[in-house]
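These notes open a run of structures that come right after.
Note that chain A is present in both complexes that follow, paired respectively with chain B and with chain C.
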Partner chain A sequence: MNNMLVDLRIESVGLVKPSIEYELDKSVFEKTGIEKVNIFDDEYTTSKAAICSAKDALKRIDMAASDLDQLIFQSEGMSDYLYMDSSKTIMLEIGGRECGNIYTYDFFRGNNGIIGTIYLINNQLTGNPEINYSMLCSSLLWTYHSKNRQLGDTYLGDGAGAVILSCRSGGSRVLGLSTLSFSQYNKITAFKIGGTVNDINVAGVKAGDFIYDILDYDHLASMREQIVTGSLKVISQALSESNLKMKDIDVIGILGFKKNYNAKILNEILEGQTVIDLLSKNGYLGSVGFFAVINEFLYNEKFSKGDILLLIMIGMDYRIEAMVVRK
Partner chain B sequence: MKIENCPKQQRTHVGIAGIGLYFPEKTVDTRVEAKIHKLPENVYKNIGIDRIYVPNQKEQPSYMAYHSSKEALLDSDTDPEDIDLIIVSCFKNDFYHWAMSDWLCDRLGFKNALTIEIKGGCGAFYQAIEFGVNQINGSKNIKTVMVVSSERLFGYGWPSFMSAGSQAVILKENSDKYEFLGFSTYNYLKYHAMAYIPYGGTAQPFQKSPEWKGEDFTSNVVVDRDMYFDHIKPYVFDNFRYVTKQLLDKTGVNIEEIDFFVTLIQQDNFEKRVQTSIGIPEVKNAAEFKRKLGHFSGADPYVLIKLSQESGLIKKGDLILNIGLGGVAWYATLIRY
Partner chain C sequence: MNNMLVDLRIESVGLVKPSIEYELDKSVFEKTGIEKVNIFDDEYTTSKAAICSAKDALKRIDMAASDLDQLIFQSEGMSDYLYMDSSKTIMLEIGGRECGNIYTYDFFRGNNGIIGTIYLINNQLTGNPEINYSMLCSSLLWTYHSKNRQLGDTYLGDGAGAVILSCRSGGSRVLGLSTLSFSQYNKITAFKIGGTVNDINVAGVKAGDFIYDILDYDHLASMREQIVTGSLKVISQALSESNLKMKDIDVIGILGFKKNYNAKILNEILEGQTVIDLLSKNGYLGSVGFFAVINEFLYNEKFSKGDILLLIMIGMDYRIEAMVVRK
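On to the complex of A and B.
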């Protein structure tokens, strides 16, 4: 797809970084590049973390929740409750409109699909007269829904983030984006029980099987071979969409799950840019990683107004995405 | 912060270019099931469904979705490479947190499609259709969207009319088969926590409370009956009236112009009760088909539209009003055949 965006703006970002730091074994660091992950304490639920990040985003720009026309919650993790819409809980608790013509959605696009969703939100903002301000948020708590935070080659960190999007003037402009799916490898991850093939049952609960894990190791192995070339393709497409070249980029943000892939990709593209790479101190952040990098870029004073960020997201997933943003 | 409207693209005509359906091979007479479960006669009669579909082990949601999608492609004369976006709306997928949309892309050869899953129950399909229409209206890159639902609800929450099957709807820019005219919703967030499953999520993970009854989720649902009877049930038909009025105001259509009515497949006389509440008790509907179908999902109305069109009940030019609800959200859409 070409010329995908029509004047999309990031109005604000909110982020919640958990307070508990958990250091991983040195062997993990050597294999993955992950030194530690951040963990929410048991006071937090998925919605509570998301609500904090949403309120943070609203507060930054002094926006009332009642001015949001839409709230989308997207997460590969577990919600507060099975089958209950997190988006409705969050919208209610942040002070959004309690009833009426309000759009709330719970989406799923794997653990690396936020940028594609942002493109689809862009189309709503331009195509639906009733949607002018849309919040997208995510929240991940892995203590009880992972195999001790390990997911294939990587280790999962907790976090929550929210972004407010519109197409009005102002805000930080999204210049271009790109998304690439290797759909043939769609079974890399899922929850081991909870679907129709193998539903939640007493034995499975007792065995601790209700966790997010690798479903098909062949799919994972095949996808590994695509990561670097796929990333370069996505980067090229995002730059083309933005009418930019790599030399125009000031900052590269890379969201990956393992240091060697990050290093290979950076090696191919780096031309003196500052790099935001959160892997070592946060672990693999999945959907929340988007908010973490954008938050760092927009609110860390070491990055100046007018700077341009190229964000590349590589998941423990079959999707690779990239976005270019001007501060 | 000053609130401003976004500049909008020129809206295009969006049509429903095709509908594909898949029904499992096996059906069961609900009278037989009622006897097995010792259902009182008056309760059975109120269900109003004679036959429902029973999926076999092979007929998982993805299998059924593959077949309904293929039929939708044929029905709409669409090349797989022309699909720009596939939206799957599935309450209970083959696997929890797995993207059937990408699996369908791979199996059906959608080389150019973006993918997304919209989670939820019946309401999610109404949302998915509206979301798809927004995509076509809002982007010059997206002209053809497939929206798919696929559920194995048979056996859940007996006594009920829950069935199994899949529906695929193809939305296309400028299709004149069925023109999509408008959408409205009433989202009653305040009471959305009416029914939930207490254990398994981050609020009460299994490791802290390993409580699970039976072999599926239905035995584990907790309903706040007070909330339902005090705050939701009394307003069900008020909210149907609300979304109907809102939709007709938006589209400039009068209620007297409605030629055909569809809604979710529910208990006996449900459509008549809704029609009476919104002021069109005598308008034709698709009730004659529902007794042999049961309830699939929020896509029930598209099953009924297709069967009604094939039988000649709907004629060209007819205005079709589709009303439904899912959880605590009400929906209305207007379509012209």
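On to the complex of A and C.
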């Protein structure tokens, strides 16, 4: 991926962290490194959480929703209703433009595709002068449609986040992006029933098959063998895109699903940097992890203006992605 | 929407029309104008049909799959598995690039969003010089997850289609695009159960609620009141984007869900043009209708090089879209 980021900026981030803390068994912690996950109460739906995060991002920079020219909602989980148009619902509820020159899209597969989508948004911002401010939003609630929040041997935390991107602004500059796909292992996760391969039926629902789960364990196993080498490759590429060396990085954000992979990767790259690793206190956050790390980096005063973050995302998916941002 | 289409071209179209013909009752025909729909046999899954259409589009211009730089899969229906990554599966199976600089995305909500997505692809092609050829693909199978193919008072046909777009080529030029959203009626269709509002349960599955259906009849009724005026507005805008008058148009393609709306719109605009209206022989085709009309216009010899098509899409959705193309 050559560097097409002419001047991509993060204007603002919004984040909703659910208030309920769900402690996991000690045995789970020993295996996965996850102590607890935060979960939404029953009042929340996917779009309600997304709307809160979108409002939060707008409020932070005192921006009117009507100034947004694009809104992309991306998620690996469920919307309020299956196949409803969440992006339009969010745009409507935050008071954005309803009609006219407004572009809203719903994407599948948040997981690690979130940085790939930022690439797409960068192209939208540079290719279409009508689009000045683009919001990317994601929202995950795992109370329904997960095996008690377990996905393989990781545990899923709830949350919602939003980011406002622009390329003609004074926000934090994105210096480089890099993504790596192992397409040959592209069936790691999905719902076993409810598609055109296996129709949904009462037996399947009773058996609890209508959950987001591992679909192909061979794909998962093959992907895992390449997590460490793949991550190092993606990191090296993101640094090269940014014209930086590892020693120029101040903060490393790592979003993984299991502690031992995170540890191995950090062991290979750390040169004294501060680490943001949300796994033990938040579980595996999927696409929402992206917003959580950027939120921490931009708004925690312990990180200074000018600091540079390298973010690595390794998920229960076949993609590994990295991004470099200067605060 | 100002005209950002610097030089958008349709390079090729692929289409898969299922072989089984499913005749509808005479009473249905009288009410809807739909005689029959074509349906896929049980061998097909969403991705199998999509892969066939993608290969068809490539074959028509003798293009290697490895020359595609982007693939977007967009659908209002179900994938092989819920929340699987169909775009990557299609790219893999047609022999496209697996890794590296390849951009694949899965979008929800095909319906009338397909022309809005062409706008997004146009921005990708103009904003990122790495993307020379972008494929947009859609595939619909309604055997599962529909009420015997009924959606409100229309009937759904199966099918799959793909289009290859470029802005540095010799293909058929897209002269103008226009889209109109009635965001306030954005809950017309979805699945009633299976999201974060209503969990899926045995009773709901037994009751047949896990189907793509009308979610909010008030939204549908309000949208319907505006179909004719909205369509005329979108048509007028698409003509204006193209710097054309209605008399310059040779062919009108209309994709609607009920004969009386189609008739009213045609009655307002027709000035002797040839009409492509697939409703009676194909039913409501959703996003696949787009590929079916373009396929007919570009490859039926009764239309000549230089002919200009105005395509109007009015669906069971809250969007109306139009496009103008010169063969």
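In the analysis below, the second predicted complex is superposed on the first by the 314 of 327 C-alpha atoms of A that agree within 3 Å, B and C clash if a C-alpha of one lies under 4 Å from a C-alpha of the other, contacts with A are read in each partner's own complex, and residues count from 1 in each chain.
What we mean here is this: a contact is a pair of C-beta atoms (placed from the backbone, for glycine too) under 8 Å apart; a residue touches a chain by one contact, two chains touch by 3 or more.
Please read these numbers as outputs of a predicted model, since none were measured by experiment.
J.: Quick one: is A:Ser287 in contact with chain B, with chain C, with both, or with neither? Answer first, second, both or neither.
T.: neither
J.: Now for A:Ser178: first (chain B), second (chain C), both, or neither, which partner does it touch?
T.: In the superposition, A:Ser178 contacts neither chain B nor chain C.
J.: Check whether A:Gln124 is in contact with chain B, with chain C, with both or with neither, and answer first, second, both or neither.
T.: A:Gln124: touches chain B and chain C.
J.: Looking at the overlay, what does A:Tyr83 touch: chain B (first), chain C (second), both, or neither?
T.: both
J.: Touching A:Lys206, do we find chain B (first), chain C (second), both, or neither?
T.: Both: A:Lys206 reaches chain B and chain C.
J.: For A:Met63, select first, second, both or neither according to whether it touches chain B, chain C, the two together, or no partner.
T.: It touches chain B, and chain C stays clear.
J.: In the superposed arrangement, which partner chain does A:Tyr103 touch: chain B (first), chain C (second), both, or neither?
T.: So A:Tyr103 meets both chain B and chain C here.
J.: Quick one: is A:Tyr144 in contact with chain B, with chain C, with both, or with neither? Answer first, second, both or neither.
T.: In the superposition, A:Tyr144 touches chain B and chain C alike.
J.: Take the contacts of chain A with chain B and those with chain C, and give the residues found in both.
T.: In the superposed arrangement, which is not itself an observed complex, chain A uses residues 1-2, 4, 44-46, 76-85, 88-89, 91-92, 98-109, 113, 116-117, 119-120, 122-129, 131, 141, 143-145, 181, 183-184, 186-187, 189-191, 194-202, 205-206, 210, 212, 215, 318 for both chain B and chain C.
J.: Quick one: in the complex, what on chain C touches chain A?
T.: Residue list for chain C touching chain A: 1-2, 4, 44-46, 76-86, 88-89, 91-92, 98-109, 113, 116-117, 119-120, 122-131, 141, 143-145, 180-184, 186-187, 189-192, 194-202, 205-206, 210, 212, 215, 318.
J.: For the complex, which residues does chain A have touching chain B?
T.: Those residues of chain A that touch chain B are 1-4, 6-7, 11, 44-46, 61-63, 67, 76-85, 88-89, 91-92, 96-110, 113, 116-117, 119-120, 122-129, 131-133, 141, 143-145, 166-169, 179, 181, 183-184, 186-187, 189-191, 193-202, 205-206, 208, 210, 212, 215, 318.
J.: What does chain B use to touch chain A in their complex?
T.: Against chain A, the touching part of chain B is residues 1, 3-9, 11, 60-61, 84-85, 91-99, 102-103, 105-106, 110, 112, 114-121, 127, 131, 133-142, 152, 184-190, 192-193, 196-198, 200-203, 205-208, 210, 212-217, 246, 327-328.
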